[in-house]
Amino acid sequence: MLQQLVQRIVGELEAIPLIDPHTHINPHAPASKTLADILGYHYYTELAHSAGLPREQIEEPGIDPKEKVRRLVPKLADLDNTVQVSWLLEMCREFFGFDDDRITESNWEALYDGSAKQMAAGDWEQQVLRKSRLDAVFLTNDFDDPLTGFDTLRYVPCLRTDDLVFHLPRPETRERLAEATGVEPHSASDVRTAIGKLFGHFKRNGARACAISLPPEFEPGPVTTAAANDALHDAFTRCENPDSPFVLSRFVFWTIAEMCAEHGLPFDLMIGVNRRVYEGGVFQGQDLFDQRTSLILYRELFNAFPQVMFPISVLAQVSNQELVSYSWIFPNVVTNGHWWYSNIPAYIETDCRSRLQGVPRNKQIGYYSDMYKLEFALPKFAMYRRVLANVLAADFVVARGWSEERAVALGRQVLRGNVEQVFRC
Amino acid sequence: MLQQLVQRIVGELEAIPLIDPHTHINPHAPASKTLADILGYHYYTELAHSAGLPREQIEEPGIDPKEKVRRLVPKLADLDNTVQVSWLLEMCREFFGFDDDRITESNWEALYDGSAKQMAAGDWEQQVLRKSRLDAVFLTNDFDDPLTGFDTLRYVPCLRTDDLVFHLPRPETRERLAEATGVEPHSASDVRTAIGKLFGHFKRNGARACAISLPPEFEPGPVTTAAANDALHDAFTRCENPDSPFVLSRFVFWTIAEMCAEHGLPFDLMIGVNRRVYEGGVFQGQDLFDQRTSLILYRELFNAFPQVMFPISVLAQVSNQELVSYSWIFPNVVTNGHWWYSNIPAYIETDCRSRLQGVPRNKQIGYYSDMYKLEFALPKFAMYRRVLANVLAADFVVARGWSEERAVALGRQVLRGNVEQVFRC
Amino acid sequence: MLQQLVQRIVGELEAIPLIDPHTHINPHAPASKTLADILGYHYYTELAHSAGLPREQIEEPGIDPKEKVRRLVPKLADLDNTVQVSWLLEMCREFFGFDDDRITESNWEALYDGSAKQMAAGDWEQQVLRKSRLDAVFLTNDFDDPLTGFDTLRYVPCLRTDDLVFHLPRPETRERLAEATGVEPHSASDVRTAIGKLFGHFKRNGARACAISLPPEFEPGPVTTAAANDALHDAFTRCENPDSPFVLSRFVFWTIAEMCAEHGLPFDLMIGVNRRVYEGGVFQGQDLFDQRTSLILYRELFNAFPQVMFPISVLAQVSNQELVSYSWIFPNVVTNGHWWYSNIPAYIETDCRSRLQGVPRNKQIGYYSDMYKLEFALPKFAMYRRVLANVLAADFVVARGWSEERAVALGRQVLRGNVEQVFRC
């Protein structure tokens, strides 16, 4: 009976068209062309590598897409327990009519060839969007992206700022910034001017958010102009002062927060990733984390920018209670999705329950796909909807006597309504 | 069938009269007078503020109680998912006969007026105590509280020591201490004498516990008399030695622990709060936490005072396993309730299960309300009893084949029996 | 219906013969002789002590086994909620035909005498192995264990290295090392030679793993020969340089990792224990932990030894997500069991779900008993199988539509198959 209730709620939630508020979609090639685009997703390559497949086989330069899939498929047998492989099967079932319960060495080739034919259709992208009920997806744009050649209402620009905050000491970053803005970043004032120009460019092209991923130890704070100038000077002269990169990071980050205030953009913070922990790992499968982090590091930021909304993702699941609590107290802190290593049902369920029990309903963005190819929105949102439906059924309809309609309305708000409200889209 | 079992256990647990071992009740005005006393609870004002209501509207000086409620009610629509608002509805249903499923702009005024009439009854306090099955509630008394004018068997004094430990450098704290004890705290010896007098006063008036809330980085330890004298001297002369306040805090804390040993009082530790993190927040809605804390910081304390019981509350839910483990090992460490940001069913359930599976049953205080007004005990204990009944049913009756009677007896012990035993009341 | 499914899966899992990959069994006296061997397990003595029984009564020198049990039994009434006491009852039921629901002052003596008779049987050890379906159990051998006088296929040697890594500055450790290897460890080169001899000895005697428990702040890394020589010199001359023990620990640890690579042995890491936190505690009931640790401390180790498998146990349950994530990324990191304070169903369930959802199935060792006496494998593995069956039923059969056979095959792999594969036994 509870299962029937859950099924009815899932059905209602499935009817809600989605805006996906964080993806890595390339708007010039949003959908997959072959199964290699799907199996090439870092979740599969890193799991296959972790289970024993040498990186050299996965990442052989110039490897043919079909050959890549041929090499990965046998390894799926070691991964079929993972929720990531369950997404793969759901995609193959829903998009390509696959109806075996596993992808194996004996059935993969038919799947590969058949799916390639379907993906070759001129309207494949539209088919995927329609079947996935996707109205719009947010992008992750480099700061020097021209933002041309695509429909910015469907593919919503979002200014990704990791390079600016963490890599300004690199000559190539400064060159890209100068090229994009016409401003050489020699002084704090130059940097501010250049970043202001980037914001203007993104705003003119319909950007709805600024975003960044941050290491666990990062602590934002204001930096004096003098200190910023010194740090910039060190960067340009390759001086060895080991503090300069940190000062510069803080300065650029704080300047970006000021621009978010000025231009009315939310600032998505994705907190807690250590980059390149496993240097022998596959592409995008090298990053991990240190659970010893705290939102207390963001205390000064949240106080200084009451007019900026901060949708926050945490990488460590143990950070979720802090996120619940900070969102419960700070008007400008919003919970955002279930990121990366926390994006499995066991963790989503705890996060979802605690957020729905403790955070105002208008301050929760339930889910984003983080996808690189459009096909992934379908199984990922489906996973989230099932967890959400279970929580709505058990904690609201059963435990609190809510009507199904009321529970579904709460689900609609965290799935869709708050995306529109927080990002004004 | 499991649900029926749970309902029967809930029914049995509801029949158990309660002693609430931690509240902020004012014994001279324990019950509410209007709905504003209830909706003025910081949980509602801070959530309403977080959801978008300006602090100035909530905390306008001299605002009429009814006007305050009028301003808060529309914001409840953004908060109706929270367990805190479910408490509000349960109070209105149980005490005031409210039977809509929401409090809205169209029904609040009748509720306000009707409830005000009921609360005006001369025996309202008695009605609430009776309906909530409350035999006694522990208070949180300032160290200079005269403890007169109320029934100390019903409203049990408890010496709160935050001001002494953390604010002795403030002249007003030292003046209050001098006034309460007749001792000017110029030396370590004076401080010890003064604190001893406070303990005598509280013990004579039926105090059952000493209590304090502590920041995440606090680490208790003994301080030499010479170091304490130096730190006190610095405090009196407003010397700028930045370590002095820490030394003084440790000295006063350790002295209080010694007095707990001498006077046979348990020392309630509430571990992990950072004060005034969000300075723009509403009254009592400014505090948050840093999950990076550990009970290892209390290692020396627990070893030094084997004769003192330490009922411990942790603010970060991730600290619960340490609390389970330290209670499992140290005879003088007792688990105590589910504090503040951990006081939602999603977290209570995990905490409750792990404690019942790992900690001796005579070392667990299941719950306290932390309430400011008497009406809150009813829905808060009801929430806890429902979680407890679910755990007793699933983990003991079903999984371990216990009889219902045996499971209920375990529930009775953590709900009531251990309060009597630990606090000797 | 779900319960029937769970029961069927439990039944299938019970049929799988076990290899227990981590115990403290003494191969010369593997089974218990009286109930005192069972109730003397530190879980019971520490819980009884925590619940109020003085250590002096439990650990009185020369106490008769029966008298020891007589003293502990009354305290069981305060512990009967714990999962540890549920193991005790399950052992008494399964091995000794006990059929009361509690062990009390009025029934313990008959149980004691009856069980003693059964344990006196010449084939008691075989009976326990058979009834528990134990094919083999791994030991925890001191580095200077001669490894003679027992069947090393049944009782598999495992080189425990805590003493070498953390206690080499103690003269008695160095003497033991010299005696075992014929090498006085005066220089880094001597230490390496001596450790190499130990590995040779263990390998020749069928060792399948090297193991160590580590404090939360330990961070492995390479040490130069010069620094290692200096640290050793300090150790021999009792020099007070406070860094030397840390340098020496790191040097020995790194050397052991090199030997694991050379000799093809997995290196079991048990991460997070602080020793002797409660010095007044009973034997083996003095250790606790600091949850503030991270696998990021092992970054350099995992990168430096891709050819060594690291089965990892974490003491803090909050470390489980890091363990899931590091195992998902690093080919040489494997999840291993549920250790000590995390070994209760409430925590095992979360750990088990997240691992099965996120880690390749060939990289998970489900459980080990950590037992001191053979009788404990039965109730401990039974506890794990029940949790595992619940997760397989709910997350795989129900949620993902797997067949029961497929779910059971996954259970078989984490219970048994991966032990064989990782430890090559």
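Quick notes on this one:
In this document, chain identifiers A, B and C correspond to the written order of the chains, with residue numbering beginning at 1 in each.
Here is the rule we go by: a residue touches a chain if its C-beta (ideal position, glycine included) is under 8 Å from a C-beta of that chain, and two chains touch if they have at least 3 such contacts.
Note that the structure is a prediction, hence the values are computed from the model and not measured.
For the self-contact between chain B and chain C, the two sides draw on mostly distinct residue numbers; the shared fraction is below half. Rotation angle for the C-alpha superposition of chain A on chain B: 120 degrees, rounded in steps of 5. Chain centres here are Cα averages; for chain B and chain C they lie 39 Å apart.
With touch defined as above, residues shared between interfaces to two or more other chains in chain A number as follows: 292, 318. By the touch criterion stated above, chain B contacts chain A in their complex at residues 46-47, 49-52, 78-84, 86, 101, 274, 277-281, 285-286, 288-292, 316-318, 341-342, 344-347, 386. Remark: chain B residues 292-296, 299, 302-303, 306, 318-319, 321-322, 324-331, 350, 353-354, 356-363, 395-396, 399-402, 406, 410 touch chain C in the complex.
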